[in-house]
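Next up, some structures in structure tokens.
Here subunit A shows up in two complexes: once beside subunit B, once beside subunit C.
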Partner chain A sequence: MKRFQLSLAAREALWAYTFLLIPLAFFLFIRIWPAFQALWLSLYDWNADPSKRVFVGLEHYAQMAQDPLLARSLRNTLLYTLIGVPAQLVLGLGIALLLNAVTRERLRDVFRAIYFAPYVTPAVAVAWVFSWMLSANFGVVNELLRLLGLPAQDFLRNPSLALPTVTAVVVWQNLGFQVVLFLAGLQNIPRDYYEAARIDGADDWRLFRHITLPLLNPVMVFSAVIGTIGFLQLFTQVVNLSFTDQGGPLHSTLTVALYIYQQAFGRFDLGYAAAITVLLFGIILLITLVQLRLLSRRVEY
Partner chain B sequence: MNKRLSSFFVYTLLTLGALAMVFPFVWMILTSLKSFQELFELRWLPREPTLENYREVLFGTQFPRWFLNSLVVASLTTVSVLFFDSLVGYTLAKLRFPGKNLIFVTILATLMVPTEMLIIPWYVMSVDYGWVNTFWGILFPGLLSAFGVFLMRQFFESLPSDLLDAGRIDGLSEFGVFWRVAFPLVRPALAALGIFTFLGNWNAFLWPLVIIQTPEMRTLPVGVALFSGEAGTAWHLIMAASSLAVIPVLIVFFIFQRQIIEGVVLTGVKG
Partner chain C sequence: MLRSFIHARALWVSLLAFGLMSAQAQVTITYWQYDFKSKIEAIDELIKRFEAANPGIKVVHQTFPYDAYQQKVGSSIPAGQGPDVVNLFYGWLPTWVKAGYLVPLPESLINPKQIDSEFVSMAQSAKIDGKYYGLPTAVRSLALFYNKDLFQQAGIGKPPKTWAEFIEAGKKLTVKQGDRYTQIGYGISPDGQDHHLVREVLLRQMGGRPYSDDGRKVLFGGPEGLKAFTMYTDWVKKHGIGIPNFFPGNNGYRDGFIAGKIGMIIDGSFAIGTIRSGAKFNWGVAELPLEKAGGRKANFGSFWLHGITPLAKGPKLEASVKFLNFITSAEAQRYWLEKVGELPARKELIKDPKLSLDPVYGPFILSLSYAKATPFVDEAAQRTVIVNAINRVLLQNMDPAQSWKMAAEEEQKILDGFYK
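== the complex of A and B ==
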């Protein structure tokens, strides 16, 4: 009897390994091995011709410390995140709270779908539509400003306006995602909590402060982390919002991802670009670990 | 606050927000219907709406080819992801074997590696193996998704094992149990994952931009981006091309929006 069971277990394991064969090969060779390869590449001055590859050790990392454009792109990326993530969270939560107050379910679904639609549209097309709308002379946004009696702005060519403008476009596109998450989070909160607190005489603000916010904490952490990682990898919108001056004007919208792309495929400095990706990986790893810490922390009521 | 007044505020704010969401799409389509001369007159509605821009994009550029390329790439990756991700999800949820947790954690760990880091080795690899500028080159990184494995595992875990045992007793092989019994039962999850994978690959930009070299291999986003660059300030054509890229996506979205939104909720709130 024992032998029969063992062979059943062995059969099950055999099936499992057969099923996993191709997928595991994929994850090993397409996802994991290249990550290590990037580490290794970052130690070389890469050349397509193997005989011209030079091992440079940590030189690229030393170079990174003295690269003003990399510093600029890191600072910009930090700015994008500092402006964009809070804006997304506040607007997303605000709209979700409004939607949650809509009692007619059909209407709520319609609004939710409208807010979500930009999230699924190609970022390239979104970027081009906005760069048309934001153009200095023929843009409809400036036409609206004129109707309101405000001065026209060259949103994408003014170095101090370009980064906030790109951020706004990204927030516009991602907002629906946050709205949907927050709305689901809100609907997961049991109504009894509110009713009990009401009986105890709590007002709207206290309900929000002591029930809604703490119970939404896991959703907030998730949204913030997803948002941060999204801004850290910002590329498509920056490239397409000012196609002739990518990352401009005066590098004011340059992101780390775009800088990596320019180093790797503009200058074909693959080794240096790989070193920057290692840095980016380090940052994302750190954020993910912080997320895990925050999410595993118990919510206190 | 007065109840009627507060609901007036709710609807006003929501409507204003919804207008801000919809307006860029409306403006894109309105612009795409204007002639080049009308473009700079700052008129809200086109005086003489024309489909000429669409005709020029569809028949005067390689746009249809780019559309087709995107369709091929997005369809193939979606089929592959749906099949392999559910196979792995099923295996990790329902079969017992040594090394199971290690394998699951390894797959999940790949989620932390940013695409930017992989793109350079993928490119080196594609040059070595001659994958540059081929369909295979565009789609190979997307054939499986760790996120999908995670999602499908969650779903298969909720299936009662008795059902699967019934299949085994009926003499189905283990693959038969997966394919004939378990797979059809997770259809809602497959719909969500399928739509997400399709849209993700349809909209993908960075990797296709790296691996594509000739105009006829461009996918839609790369085509639109480079076409706009080439067309310079031909905004009437750019807006027609953008509309053609956006409208099919929006149609798909409004048909499947329930599944799509549930997919987001599932991963964000319960994950």
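== the complex of A and C ==
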């Protein structure tokens, strides 16, 4: 009797698929299935008892159109993204360039570790420390302003300062991640290109403009997309920087994610919360597609 | 997430096996509350006593961090897991009932008339459409905490009896260096207890009332309300006896008081324990000041109640009611006061003269007789309305009259939305 025999390649593929099944199952049941459930939920008035959930169709979507707080949270979220993502990219790239110029490897690692530390610090602890540093009365930041002869600012309680302040804290925290990404990108650029260009007589700016920037494009795209998604889902820092008046003062720091949370678990209106989730999903999908389209164009070297 | 899932699964399987083995002899019910050390220890002890008296019932006690608590309840009960008896803030009741997270207490087992007569009147806020949805073990009211050492240093003899005296004391206790405060007279905190102070205390002292009897009309927008509101914002704008967020953080006003940097705060009886263990100076408690000597008294009362969820069915429902009756019994309430420091919810215990003469509990107990609980339909949103009204004046210099008018309109919208 001849034994049924698979080729080595086929067996390897089979193993690969077997192992891939586990993350696949995870994505299908933990990520994708609940997303569809949210869509379904957004058409119902919530009740803990499934038999008492009333089908309301698109009523929650109509409700969104007349919700000033939702509009406010959308506007805020957009502002966070518009300020935060570019700031994060520019600062991250800048620091990475400086670090890249450090030739002593040991020293570079030390700096990199220092810049990365905030990224792995729990957001709650960061928020806690910053609320003290930014305090109008006791904060070290205001102490610095004072030394410069500037008036003290109530960064977190002034409605027109609170959003930029929260953004700055988030950017500070994300910076390490950006730096590491850009540094890896920079170190992947072959030295030869720079040397060849130098021989051709290119100055530093042209090296940066025509070699570094184009070759960093994939990192930029990744960084911008991940950063944007991160800011669109901003939640933890906002909640913890103004814990008893979340999203305050005067809704000036309210984000869509926080608003969803408040609707869902502050007042158990999970149907409406699900509808806003669907909206946020749509916005993130749209923006990400546009970004990928615009940013990851083919580059001529 | 995964671990808690496996946990829940394992628990469920073992419960099922246990249930099959012991057939009908044993009922297991689950009790949930948020994480608070003295409350956890108190409930553990009460469960021990309850199980000893009811051998057929086993109570599983689970707690969650305060900020994750509603989220846990919100997602667990629809999944068929979670508490049979659950602890909740009275202000959450309408939203919980509307979303189907609680069932009315069965009148055949708990007599509503008896509750009306045996519990302090604010317990009736646990009633919706004439049905009780839960009972409190303990209640709280507000009073003035003051730093006796700072009072002495500033040459103030006694805690203020009127708001005029309060402002005077506040001014003497406020210390400024340049444009910075190093010490303040009053730990003003719109999102602490002060939103209650304005709506429930000052307004009623001025002769107004916040809502119509059926709770559907906002009445605080009238002249008494504006007077109360302006008086409050003047503490900052005109008299400068405090600034919001003097100390940052969740309970900055309380932390600042404990640190000895704030002369007076208005806080609930639930703060007694924290202040007692934290404050390294002499402090006292006084009933809230009045508009004028002999003026109208008012206070804000609140409580956490124990409700029963739709998960409690059949024998579990019966066991849950028994447990609920036990943890709200006079015996449990007396123990709760000793252990947790919260005031009993039963009238008979409050009448105890030993309690009302106590220098710390006394002012809170005395206030209970005239304390009212705000009938919230959406506690978070209604709190935000008042906090925002205050912030518009303090942070954006809006005219108090305009800000207060906006608040009344915003809150009316919330009520209309709920009752539509």
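Here is the rule we go by: the second predicted complex is superposed on the first by the 262 of 301 C-alpha atoms of A that agree within 3 Å, B and C clash if a C-alpha of one lies under 4 Å from a C-alpha of the other, contacts with A are read in each partner's own complex, and residues count from 1 in each chain.
Throughout what follows, contacts are C-beta pairs under 8 Å (C-beta built on N, C-alpha and C of every residue); 3 or more make two chains touch, one makes a residue touch a chain.
The structure presented is a predicted model; accordingly, all values stated were derived computationally and were not measured.
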Three-chain arrangement built on subunit A, subunit B and subunit C clash or fit: clash
First (subunit B), second (subunit C), both or neither touched by A:P151: second
Touched partner set for A:K52, first subunit B, second subunit C, both or neither: second
Which of subunit B and subunit C A:A136 touches, first, second, both or neither: second
First (subunit B), second (subunit C), both or neither touched by A:R267: second
First, second, both or neither for A:L41, with subunit B first and subunit C second: first
First, second, both or neither for A:T121, with subunit B first and subunit C second: first
Which superposed partner A:P159 touches (first subunit B, second subunit C, both, neither): second
Touched partner set for A:F243, first subunit B, second subunit C, both or neither: both
Which superposed partner A:F222 touches (first subunit B, second subunit C, both, neither): first
Residue contacts with subunit A in the superposition, subunit B compared against subunit C: B
Subunit C region in steric overlap with subunit B, selected from 21-29, 39-47, 75-83 or 111-119: 75-83
Common interface positions of subunit A, toward subunit B and toward subunit C: 46, 48, 128, 132, 137-138, 243-244, 261, 264-265, 270
Complex interface listing, subunit C residues touching subunit A: 70-71, 74, 77-78, 95-96, 98-101, 179-182, 189-192, 243-251, 309-310, 378, 380-381, 384, 387-388, 391-392, 395-396
Residue ranges of subunit B in contact with subunit A within the complex: 6-7, 10-11, 13-14, 17-18, 20-22, 24-25, 27-28, 31, 39-40, 42, 84-85, 87-88, 90-91, 95-98, 100, 103, 106-107, 109-110, 112-125, 127, 140-141, 143-144, 146, 149, 174-175, 178, 199, 202-203, 205-206, 210, 220-222, 224-225, 228-229, 235, 238-239, 242, 245-246, 249-250, 252-254, 257, 260-261, 264-265, 268-269
Subunit C contact footprint on subunit A (complex, rising order): 46-50, 52, 128, 131-132, 134-138, 151-152, 154, 156-159, 243-245, 248-251, 261-262, 264-270
Subunit A residues touching subunit B - in the complex, by the definition given at the top: 9, 11-13, 15-17, 19-20, 22-24, 26-27, 30-35, 37-38, 41, 46, 48, 95, 98-99, 101-102, 111-118, 120-126, 128-130, 132-133, 137-138, 140, 143, 172, 175-177, 180-181, 184-185, 188, 219, 222-223, 226, 229, 232-233, 235-236, 239-240, 243-244, 256-257, 260-261, 264-265, 270, 273-274, 277-278, 280-281, 284-285, 288
